[in-house]
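Chains here go by letter, A, B, C and D, matching the order in which they are written, and residues are numbered from 1 within each.
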Amino acid sequence: MAKLTYREAVRAAMREAMAADPRVFLMGEDVGRHGGAFAVSMGLLEEFGPERIRDTPLMESTFVGAGIGAAVGGMRPIVEVMTINFSLLALDQIVNTAAALRHMSGGQFSVPLVVRMASGGGRGLAAQHSHSLEGWFAHVPGIKVATPATVADAKGLLLAALADPDPVLVFEHATLYPLEGEDADDTPMALGRAAVRRAGEDVTLVAYGASVHKALAAAAALAAEEISAEVLDLRTLRPLDVEAIVSSVARTHRAVVVDEMWRTGSFAGEVAATIMEQAFDELDAPVARVASAEVPMPYAKPLEDAALPSAEQIAAAARALF
Amino acid sequence: MAKLTYREAVRAAMREAMAADPRVFLMGEDVGRHGGAFAVSMGLLEEFGPERIRDTPLMESTFVGAGIGAAVGGMRPIVEVMTINFSLLALDQIVNTAAALRHMSGGQFSVPLVVRMASGGGRGLAAQHSHSLEGWFAHVPGIKVATPATVADAKGLLLAALADPDPVLVFEHATLYPLEGEDADDTPMALGRAAVRRAGEDVTLVAYGASVHKALAAAAALAAEEISAEVLDLRTLRPLDVEAIVSSVARTHRAVVVDEMWRTGSFAGEVAATIMEQAFDELDAPVARVASAEVPMPYAKPLEDAALPSAEQIAAAARALF
Amino acid sequence: MSLERPPPHRAALEREHAHELLRQMLLIRRFEERTEELYAAGKIRGFLHLYIGEEAIAVGAMQSLAEEDAIVATYREHGHALARGVPAGAVMAEMYGKANGCSRGRGGSMHMFDGSRRFYGGHAIVAGGIPFAVGLALADKMQGRRHVTACFFGEGAMAEGEFHESMNLAALWRLPVLFLCENNLYAISTPLAAQESEPELHLKAHAYRVPSEAVDGMDVYAVETAVARAAAAVRRGDGPYFLELRTYRFRGHSMGDPQRYRAKEEIAEWEKRGPIVQFVDRLRRDGLLDDATLAAIERDVADEVAWSVEEAEGGPWEPVEDLEKDVYTPADG
Amino acid sequence: MSLERPPPHRAALEREHAHELLRQMLLIRRFEERTEELYAAGKIRGFLHLYIGEEAIAVGAMQSLAEEDAIVATYREHGHALARGVPAGAVMAEMYGKANGCSRGRGGSMHMFDGSRRFYGGHAIVAGGIPFAVGLALADKMQGRRHVTACFFGEGAMAEGEFHESMNLAALWRLPVLFLCENNLYAISTPLAAQESEPELHLKAHAYRVPSEAVDGMDVYAVETAVARAAAAVRRGDGPYFLELRTYRFRGHSMGDPQRYRAKEEIAEWEKRGPIVQFVDRLRRDGLLDDATLAAIERDVADEVAWSVEEAEGGPWEPVEDLEKDVYTPADG
């Protein structure tokens, strides 16, 4: 399989979809002339022209809302909200229109909309530019939420999102764009399937997005201490692959859930509660959480490092379960 | 103690605060001429005049943002966002300015802002007007979240919010406004203290806002079956009174958490995860959750009733733990 | 619809057309009067925002829009739904929350949809439908369809940022959006002067280089004509157009509004030049309407309203087991 | 500050004043040139949005604002901070993330604050600072203080709904807000013509009945004069005022921007009429500046920049144990 970066994988999925289906188009701030804030859509303007690669002014609420309308009108829009930080401005459209339209019209309309955005911290961008709020979106019935952690998923989940008849939000962790890896094969991916990224027997490390790599590093460290950790990548938060989580924990009897959201109200809490509900008798220890510190992200590097979940913290949390 | 309604209690707190402190003022849609969408501020325009009771145009983001600025500028604004449904439009200001300002300025500014809004479903208002998203706000460090369930708390927690130097969001459940009860006494309330609304020994029913009353009804039903249920009212979601939760569960060894948010990603998940983390060895059964069905709120009454948590569901969830 | 008819100024002379306009306005009026009673009787719940007083706008506008055009409206959309041809029975059943309602009872009075008529709701977040309308227009434009998307909203929505964003985007991208502001002078209790620093709302369109006009929204012909002209410009590909339709609501904002914010006299004054009285007077003056015809129209309308109530009363409830239906699209489409 | 000085047209003749304006513009220029190196060296991280090319705006504007006035700016605010008198050391230390930074290292380059100078940041959500500025002005007005809140934002922010909402509210309530749009023709890569259907931005203020002007933002005197006049109107209680300050940024949007969206020639053309060259030429022409004086100012500025780097290098880190500090106000205030 060819090697490419996470960034290239996202681009490849968009190119493929646009080449295959004239209804697919991309819009968002700086996606055209600039090639995207993260250079994801570089070259697409030249290839597909300004009708299909649309630079919008700054107006998150309206271009997301326009994406919803365009989807209902027969197009297959990909809306890029540059980063999750600005998605708060579009949240009303996502919750009250995209997610609700099908239901409140009695099933008359589907909203085949894909909204992509970069998420997460770790780049020295401080309090307003380091958010991880994927769990908020995962709370909302009517939408789906994908959080690719690997290069293959960056492409495969986006293609799955584009094939889905309902609104799918894809969160690309901003630190992953340079990540190199193998291309996805041609099997269409399904939304709602977690993946075991490393098999193990003693504890399950549940993670999504960039945290998967931290969990893998923790698992490697734990292996040196004879603790065999399984790393489960959720891949989509809604639908959530409860079966995969439960079946792993039923084998390992211990779990640590990793999340870059602030600890209180994190999606990790949802996963922990679900494990308790579905596999209480399997647990040899309470499910642990490793999440971000309860502080708006500080700029200073030592503080930012301390605020974010780390492989060390994950390993320590796992150790503490024994 | 005098009897009054929840609505009157909120109004009384605002009157008291405005009479005592010239910096306090109220702004929001229809708070003046109309007396508020829920008649909460009825009479205040006449009493305090249009400088201090300010009808705003529709612009949730800006009048919340202006509240933040006014707070930093030395005032003590109460901003009414008519209902939680419209707060999505102001979420950026709340998360990225109100909650972050103190931290990102290195502690230079406090934001003594109170934002009130009506929340919840059950009034036949369908998908766009029935939200319960308190848990989202409770996720955000830098703000505090109060969810009064009683008449005394409607007043006392609002006064506590107004005395607090940091931004406090107060969610008044819209179905509670006509509720009658006793006035708060003059002891200032602290934010972050849960209250036992009914003592019990066999199971703890954890709830907040309108769900407290459903939990009390469930407890009454369970009592008839010889199950003694304790009802714990969280009162504030942030700070969360973990100690009170844990100490109750440590006695009852069982818990049901009730929440009007959609089940996945509900605040109930946070509470359940916290109980597991802090009191795993005390649990005789997994913590159960009773939350809203995973559907945008349907209008039709039978469907809406089925979508919301009910006393019957709470009682059934409690029974299932034995 | 209107496209095959003679242009509005000649249409105005057409007896049949005049009667049809009158019938539609009366249908909305009588239908909503009935919903007031049904609300009081507990058959309809939640919010109920009556359109009474504003009928000339929906009726006049729909005349000048084609079947292929799209309509986006607000929570005050019963009038628009009826004028668009959504059967009164489906509208009433929706208000009851019945499965034969136009949104299967899931939406209620604020969320009426009818895809077969390109009637896209029923949006209850103020200004929330405007970006959606821009998107529908974008889809039409990208697919080479010469349709108009007509977007109704109250003047209160013009204070919300989304209005501004949407005007700008529609103008920048020359999208076929017809912005129809129903200026009824109040946003719940807040009078226009407390909403907008520039109360001449049509002037605000200049900030986007969007052509605009103010129109007497109490005159169904004036609305029809202005919308026809504006829709034609939009359809030609000239980009968006903005109309401020000046009107007044005769009832409270929603049911149970004590209306402490305005004087009875003000309402009475406006009622005198209400869209229906005014039109009836004019038709009589012009010899286009006699008592017998008016009575016949009233009977016709009363029958339709009665039928709609029967439909609603007899309609089935969605089974509670189907609670979580229609959240996602089923695999088979 | 300016209030005790003679009015700008006379000030223009004042040698001392001219040198001070030049010194401040040069300070910003040299300071930021230094940060480019420090960014490359990894001392500064995250985003770094240079103000180079736009110095005349912050410097000219601050001259005409009083100590009691409030300033709200964006992520491109180093220039504003320096022009407002925030010590260069505190600005540089903030960029390093050190505890002696003006936001104790918590904010970084995008979030500079200095309460003692009513410098209220440092807002990195585009348009997000505008409602905040409206609120500061509201507080001043309600407390009977005749202060101005000057709110800087890029032209890109004018597409966001909050701009529109804030203009309307400030106008409706006659709040003392001075809206200062730094129109540098690009929002990241997006040229003005793709941002706004009405590219004459100052005209957009009409939609709110807010007085407005377009000003040459490359001419520090023009900015100073226009801001003085506008601030005086605002201070009088006439309500808000809007200035479009026309400028150009000479660097990429942030560090590492390949600037594929504009031609090198375009940049070169603008650089020729850059605020500093232009001003130096003018002062020379007017006999107000000689080589020795210019060299002295450059030396002075270089010293200040060097000192700021020392401050930053020598500054302490906040202890990691204090990570969760400054989230809430401690009980003692």
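The rule is short, and it goes like this: contacts are C-beta pairs under 8 Å (C-beta built on N, C-alpha and C of every residue); 3 or more make two chains touch, one makes a residue touch a chain.
Note that the structure is a prediction, hence the values are computed from the model and not measured.
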item: Third chains touching both subunit B and subunit A; value: C, D
item: Taking each chain's C-alpha mean as its centre, the one farthest from subunit D; value: C
item: Whole-Å gap separating subunit A and subunit C, where each centre is the average of the chain's CA atoms; value: 40
item: Centre-of-Cα separation between subunit D and subunit C, whole angstrom; value: 47
item: Whole-Å separation of chain centres (CA-atom averages), subunit B against subunit C; value: 36
item: Touching two or more other chains - residues of subunit B; value: 57, 59, 61-62, 85-86, 89, 92, 96, 103-104, 126-128, 141-142, 294-296, 298-299
item: Junction residues of subunit D - those touching two or more other chains; value: 103, 105-107, 111, 123, 125, 128, 159-162, 165, 168, 172, 194-196, 324, 327
item: Chain contact graph, described as a line, ring, star, complete graph or other shape; value: complete
item: Interfacial residue positions of subunit B with respect to subunit A in the complex; value: 61, 85-86, 88-89, 91-92, 95-96, 99-100, 103-104, 126-128, 131, 133, 135-136, 138-142, 238, 240, 261-262, 264-270, 272-274, 276-277, 280, 283, 285-289, 294-296, 298-299
item: Subunit C-touching residues of subunit D, taken from the complex the two chains share; value: 159-165, 167-168, 171-172, 194-198, 203-204, 206-210
item: Subunit C - residues contacting subunit B, complex; value: 45-47, 97-99, 103, 105-111, 123-128, 156-157, 159-161, 187-190, 194-196, 260-261, 317-318, 320, 323-324, 327
item: Residue ranges of subunit B touching subunit C (in the complex, touch as defined); value: 29-30, 32-35, 37, 55, 57-62, 85-86, 89, 123-129, 293-296, 298-303, 306-307
item: Footprint of subunit A on subunit C - complex, ascending; value: 70, 101-107, 111, 113-115, 120-123, 125, 128, 130-140, 142-143, 161-162, 165-166, 168-169, 172-173, 324-329, 333
